[in-house]
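Naming follows writing order (A, B and C), and every chain is counted from residue 1.
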């Protein structure tokens, strides 16, 4: 019971191969009719492509895999990296700048490598970091590394992602040995070697996540080493620590404004027979010293480029220089630090005569600036000129290209020191000098406050990070006598003295 | 419900388990993957495995070159004859008719209990989207009829429309009163859509995980005892250690059973129902008839609400979020307001028009939706 | 010349150029953009600086124009040969019914609706809500990818097993296509591991590492099957009306916007995957909505992903275009954002106006020239481009990719499984065990 059928849409232009040659029914791609069992011939080109597909997908892929496995990843100098190399796999041979640090999100680690032509951040995943730590190959300052990484290049920053822990080669360099009393918060982020006698070894309470504390003493003083269960498990004979003489490589850090010496690997503790003498050097130190002899002269801060960019007057910097790299020396007029947690850049206004220029850089650049710019100081900076809203700006891409030329001149002292009790609300907005003894430091986030006491009274002395010279901070601590010059101000109905920019607080004998 | 709705429901259920999020933050996607996979697993077992092994008593295979509705009607009547005469369950397969890569000849089998006859008519040629091809609607005007020996009671509102991909199966079950029941897709949800099967699969998986854990980390070990414990205290300590050591195993049981079970619960909202406690129950329990399995709005809302619930659970698990919002806020921003805006725009665009929204047939809706969605 | 006119001229030039090039089958806008980036860098190295106001709008116009007009080759330049291929794509159904022009224009309406959706819905809401979702989803992207992979693999429907008695033969007949699908996914995944870990392509053009593989997986099979196709294009007719209304457009925007938006926002998820997920979620049965939704999805995916780079405060790089821009430029806040939105609007309008005459021209072309010859020319262009950028090694990778890309078409599985090239290695890396697998493969 059939009726006359019209051709279905598109079927009038289809090939006959879609139907069975015997019964005429639709078979599609099948080689055999499901209705009558007849063989359906397909054209040679189709059969060839089917077989070619299988062959290329299997044998072809296998051969490609063989090529990849036996390929040597090329060594590429960081200074030669171009944007077209984004996502490329390269081998880097260089030196580690600063100990590897954990990311704030806790998701992995990072370290900076310098191969003599430029430096770059290297990201290490959490799992890779665990494997490196297990084999004591976590990079530390001055270590030599040879590894394979995958490039991630963007306009503002480039980085590498570690591709293979197995191929990560590290040659450990002994850290400088430092006397315990000579360790200061300024060394934060570096690795040092300490030696001494263990006075006390305090484990944390059971079921607590607190660290182990190891009190160490040498001829100069005492310090506490801190480490956690992971590091404790790596120590060969932890029972023997108490009362022993040890040498350890530690990482200097600060925690709640207090100095902290962290042991990053239990394998970095060496138990000694006797207290090491100052003049005796360990084998590692001798090696480091001989390595130091073989090294060329210490580099200055102009890393990355072998030639400096031309020194340019600020007044000559215009939008026409867009894209060019320039070097300028100017006075820091203002510094704006990004808010905590925000992704804003650091922004600095530079001044030279009547000319001003905005310079900006990201926190990754700020991390490697040794001396931070402060108001009133003269700095040399090198960067690329960009244009924003028709105005030139200086974009700084390397923290190594930011260095002080000289501090701001000391401000003129407004006469003699006055008694603290003589300061009243009428003095608000006026420059005054006081002298006294510092109390304990209190962190203000972007600055520090000390109470300063003389025979007549006490007042708060406030020092802001962005304006006061870092040398000043380094010299201050509870109990020292100082002379401070600054502006009288009021906060929460209490008078305070805001220290002037630059070096406005000096320690008096 | 559609496969994707079940899948997302499974992922959403997994997101309520705190260990899922903890594991995910450690780089382990296991529980979320299990959630989605188990959410869709019952239908996968039926449509991609079991149906190919389900034996039929009669295969009705029309000839694509010579479509004959009388053959189909006669075969249907013969199947009913056998069911009545031999007083047994007869399984009939209605095979589809393919005419092209994108074309299928549709035919419809109707049951008329008043006249006690089965009628068959060939419909239009349809494409894989089940859209009729113009000009093919009345190609075969003949209606073929064959008498039935008894009445065929359809508890599930099935229109036996055969078109794309695989054709349906019907089961003819003789009743005590001489009539017989029509089971649509008797192999579907026969055993797979069962809470007990979900639990069973969870236990199986947990055993596998347990074996791997034991090989890798050894048996349960207790910390050195500092004091003598009572039997009960010792048992509690051992159980705590056991559940810690085999955490992934028991967490897998809960995740698999929960996510598999949510599929069963969702399908129970429809018409066909499921055999919920197989093997303890033998028949499908009819559904609540609250929705059709192919209802577009119901399915989309399920998917979207699941996404919002997952988002909410992830946010809840954050120790220190920068952005704070409550559940009601999330629902308003993510569901209510956009839904209201969409409905308002739709109303503006369609007022005064007679908008025909396609409603899938109930019986073959899920069947056809699953086939169409699988392309 | 003021900035306004520079931007306007640049976006117009980019749109027109890519709209014309989009008519060539197999050519992808990211290939052209890649060549453009290389040109910009070469000029800069020679001391000629190309202003941002020139290349940024031009690239925006290129992406918009291509997203709108690549419908033409997708619908009009490819005849499904039912003796060779298992499935007929939706656009091809229209072509085989003589309604190719109508199918193209319906898709174009979808693209225009997508432009409205991006500018009036996504653009104002993105700066407010995307940072929230970024924070919540941080650390969870890996399992989202795994869940997507699971659904892609589990939702594929067996195409055989419809005839014959029950048993293993029927089961294997059904699972043939599924196994080919799994094999495609795994083979593509291995290819992805190789290219992302130890690519044989020269590191100096590494930013186009994946390009030869994608060309092989998608573009070359398309051209090749056209060349050997034994089917001809039936006579086509143009129409003045499309039979759509506001409701159809709204529902298309709903499903296409969801799919394209997901693909634009989630890393590695492409338009095809987004479309699959949204299609399953919204399940619109009307074929016009399906076709138009594809137009919306494609537009929102390509253009939306590009736009995300410029959303202030988000710093999100999605899609090949955004990655290429990021290597040479960092977006500067709201000014750039509004400029890009303006460029998208202008480019969408220009490209939409161009699609009708270009579609008619293409129909005349295939009437006069056999579409197989057009596909041959396109394939030569593609091969020359791959060789020119990545050399012999790139060509070999394209060849291997072609083998893998032909499997789904010839053996009845989904083309989507080819996306295993990115999905599998990146999901593994995000979960932290990528290096374990590359270790097993001997690549690390």
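Definition applied: a contact is a pair of C-beta atoms (placed from the backbone, for glycine too) under 8 Å apart; a residue touches a chain by one contact, two chains touch by 3 or more.
This is a predicted model, so every value here is computed, not measured.
> In terms of CA centres, which chain lies closest to the overall middle?
So the chain sitting closest to the middle is C.
> Average the CA atoms of each chain to get its centre, and name the chain whose centre is farthest from that of subunit A.
B
> Across the interfaces A-B and B-C, which one involves more C-beta pairs in contact?
If we tally the contacting C-beta pairs, B-C comes out ahead.
> Counting in whole Å, what is the centre-to-centre distance of subunit A and subunit C, each centre being its mean C-alpha position?
37
> If you average the Cα atoms of subunit A and of subunit B to get two centres, how far apart are those centres in Å?
Measuring from centre to centre gives 52 Å for this pair.
> Just curious, how far off is subunit C from subunit B if you go by their C-alpha centres, in Å?
32
> Could you list which residues of subunit A touch at least two other chains?
9, 11, 18, 26, 28, 126-127
> For subunit B, write out the residues touching at least two other chains, lowest number first.
In subunit B, the residues touching two or more other chains are 27, 98, 100-101, 322.
> Out of subunit C, which residues touch more than one other chain, so two or more?
Within subunit C, the residues that touch at least two other chains are 80, 82, 85-86, 93, 139, 163, 432-433.
> Please output the residues of subunit B touching subunit C within their complex, sorted ascending.
Touch residues, subunit B against subunit C: 2-5, 7-8, 11, 24-25, 27-29, 32-33, 36-37, 40, 44, 47-49, 52-56, 59, 61, 95-96, 98, 100-102, 127-131, 165-167, 294, 296, 299-300, 303-304, 311, 314-315, 318, 321-323, 325, 333, 342, 345-346, 349-350, 353, 355, 358, 360, 369-375.
> Would you tell me which residues of subunit C are touching subunit A in their complex?
37-38, 41, 44, 49, 79-86, 93, 95-98, 138-139, 163-164, 183, 187, 190-191, 194, 196-200, 203-207, 209-210, 224-225, 228, 230-234, 313, 315, 317, 323, 326-330, 332, 335, 396-397, 399-400, 402-404, 406-407, 410-412, 432-433, 435, 438-439, 441-444
> Over in the complex, which subunit B residues touch subunit A? Could you list them?
Touching subunit A from subunit B are residues 27, 63-70, 98-101, 103, 125, 133, 135-136, 139-142, 322.
> Mind listing the subunit A positions that touch subunit B in their complex?
My answer: residues 1-3, 5-6, 8-9, 11, 18, 23-26, 28, 35, 126-127, 341.
> Which stretch or stretches of subunit C touch subunit B in the complex?
Listed in rising order, the residues are 80, 82, 85-88, 90, 93, 129, 131-133, 135-137, 139-140, 142-143, 146-147, 150-151, 154-159, 161-163, 165-167, 170-171, 174-175, 178, 245-247, 249-250, 254, 277, 279-287, 290, 427, 430-433.
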